[in-house]
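Chain IDs A, B and C follow the sequence of writing; residue 1 opens each chain.
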Amino acid sequence: MIEFRGVNKWFGALHVLKDITLSVEPREVVVVCGPSGSGKSTLIRCVNGLESTRDGVLVVDGHRVGDPTTDMTELRAEIGFVFQSFNLYPHKTALENVTLAPIHVRKIARSAAEEAGRELLARVGLADKFNAYPSELSGGQQQRVAIARCLCMRPKIMLFDEPTSALDPEMISEVLDVMVSVAEEGMTMMVVTHEMGFARRVAQRVVFMDAGAIVESGTPEEFFSNPRTDRSRAFLGKILRH
Amino acid sequence: MLENFSFRTIVEYLPLFGHGLLATLWLSVVSFAGALAVGIILCAMNLQRSRLSKVPAKIYIDAIRATPLLAQLYFLYFGLPRLGVVLPELVVGILALSLNSGAYIAEIIRAGILSISRGQVEAGIASGMTYTQRMRFVVLPQAFRVTIPPLLGQAIVLVKDSALLSLISVSELTRAGQLLASDRFMPAEGFITTAACYLVLYYGLKGLAALSGRWLGVQSVRSGA
Amino acid sequence: MIWQQFQSLIGSYPLALRGLGMTVALSLISLVLGTLIGFALGILRTGGNQLISRVIGAWVDLIRGTPFLVQIFLIFFILPELGIELDAFTAGIIALSNLAACFICEIVAAGIRAVPTGQVEAALASGLSRWQRMRQVVLPQAMRMSLPPLVGQYVLLIKDSSVVSAIGLTDLTRVGWLVVQRVPNGLLVFAIVGIGYFVVCYPLILLARRLESRMGAAHGEVQL
């Protein structure tokens, strides 16, 4: 579903992605972790073309990303992206946020889109917030609207960039619960997170990055109980201490 | 057609444009100084508690802002003689520019003073300063910094506005263009040269604004550190 | 004496109405044209094409750097030399629309630039096309920021329309100038002219202030 083959990326002189090779199978959930600045966001943003790569091959859903013949707008419609800072549209209500892309990109009738949108908002526990503006919602509620916004496009892949790290602790679980239920329905997911509980519950694989390279990759059990490198041991020591 | 655009005539009239440029420059400087004085007085009146000083300032500022400078200029030009005050056109022009820009400058200074956070003022109160001391040592130095860029913006506006003085036959830059246009029937040569001279002043002031921005930026970083 | 002047002033009310009509027509037409062109330029200015953006920026700078009076003279006296015949009214409309478009371009561009990149990224990620991103996500948010300065710009436009009296258009200011030749009381005549402008401009100034303070309040909400 997602395949990186020897992908490199530079920001000016900074080599942020080093020879990345990684593949994500359909219905697989892959968690990406690593220290700050290791390139996790950059990696996941490459998948839907928010960042461009310089060399190597990146194939998503059978289309080469960055290839001039690939219609990125079309491809992006098939990929949901959940941001760390939610990025809800402040001038639109929760329901309007959810239905905007289905109406304009998928060309679904407004009434049908709104029905689907209400259903999804109810599913993420926001049945009473259809007409609330983002500024009237808590962080956890906003992030759940953002997830519903992606789901309403019926995407084939969902990408999450630290979806819970901007949230107060008591709101983290409400968002993780939604993500778990999405994963259990068989969605293909790439999730940048340090929530190891989430990784243990639903991830098939954990990928550990450091300084722009994939250092280690394995099942959550392997990775947590028996990290193979010094760097991953040091990293786990730090995040598990909390 | 412009194929017989005559650079020779422009060169011939260059001394006139030089004089015009200088006239525009110095009358703008004088008007800006006047406008600063008017602005400071208006702003001081506006910031008082007493309605007696506040209301007239507000009315004056709104009246100036809601009417065109040209109408204000004619008001003085045709109106002052009626009151028995006969002044040279140049003085009427400078008066109009000062009175007009003063209203805008009053608002700029007021915004600068109001932008100083409540916390700064309270810190002044807490350390036992009087109103005057707080203004002198806490508010005004900081307000000064934020008002410099918009004041330079107003200076640019004033320089351009001064072109209207040509309509009451003050000899300045635009008048020079008009003379060339009417003496030799060469409006293209006249007004393109005029425009070029204004652009020199514009880019000069803009450069100054950028410099002051950098300088003030450096200053605030220093004081922030 | 004053009474006679008053009577003769009242006698010139048809002329005054014509002048007011001319001022309103000039302002309104160039307001609409300037807004349309200004928005288009503002969108192009922030679009990807560096060359277009630079050219627009340079043009805006030229217009911002020269007095409006000189621009009117240039248009009115030079376009005919280039073979484009035009009357004073058309010249006035061209000059005013161009002026408004340039200032509105910068207002709109500033509004667009102030929209956080995350908003554009969210729109990109959900597959909205370039125009849809602009129309649905960026412009509505940019508009919110641009509205107060836009209204302020309209006030400037109405006031600047007085300058076209210099090429002989009988607008409100020109009417004052004509009347004062017959009724030698500049204070009275131009006070009335001023009131004419005030009646049109002051409500707009109040509107701009209200929009601004409302926006300040909205910002407070967001910052929470």
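Odds and ends about this structure:
Keep this in mind: contacts are C-beta pairs under 8 Å (C-beta built on N, C-alpha and C of every residue); 3 or more make two chains touch, one makes a residue touch a chain.
For clarity, every value in this text was computed on a predicted model and none was experimentally measured.
Considering every other chain in turn, the ones in contact with both chain A and chain B prove to be C.
Overall, the chain located most centrally, as judged by its C-alpha mean against the mean of all protein C-alpha atoms, is C.
Chain B has its Cα centroid 54 Å from the Cα centroid of chain A. Averaging C-alpha coordinates per chain places the centre of chain B 20 Å away from that of chain C. For the pair chain A and chain C, the distance between mean C-alpha positions equals 46 Å.
Shared contact sites, meaning residues of chain B that touch two or more other chains, are absent.
On chain C, the positions that touch chain A within their shared complex are 116, 118-119, 121-129, 132, 136-137, 140-141, 144, 221-222, 224.
Residues 1-2, 62-63, 65-72, 74-83, 156, 160-164, 166-167, 174, 177-178, 181, 187-188, 191-192, 194-195, 198-199, 202-203, 206 of chain B are the ones touching chain C in the complex. Chain A makes touch with chain C in their complex at residues 48-50, 73-81, 83, 85, 87-91, 100-101, 104-105, 135, 149-150, 153. Contacts from chain C toward chain B in the complex involve residues 62, 64-71, 73-74, 77-78, 81-83, 155, 158-163, 165-166, 172-173, 176-177, 180, 184-187, 189-191, 193-194, 197-198, 201-202, 205.
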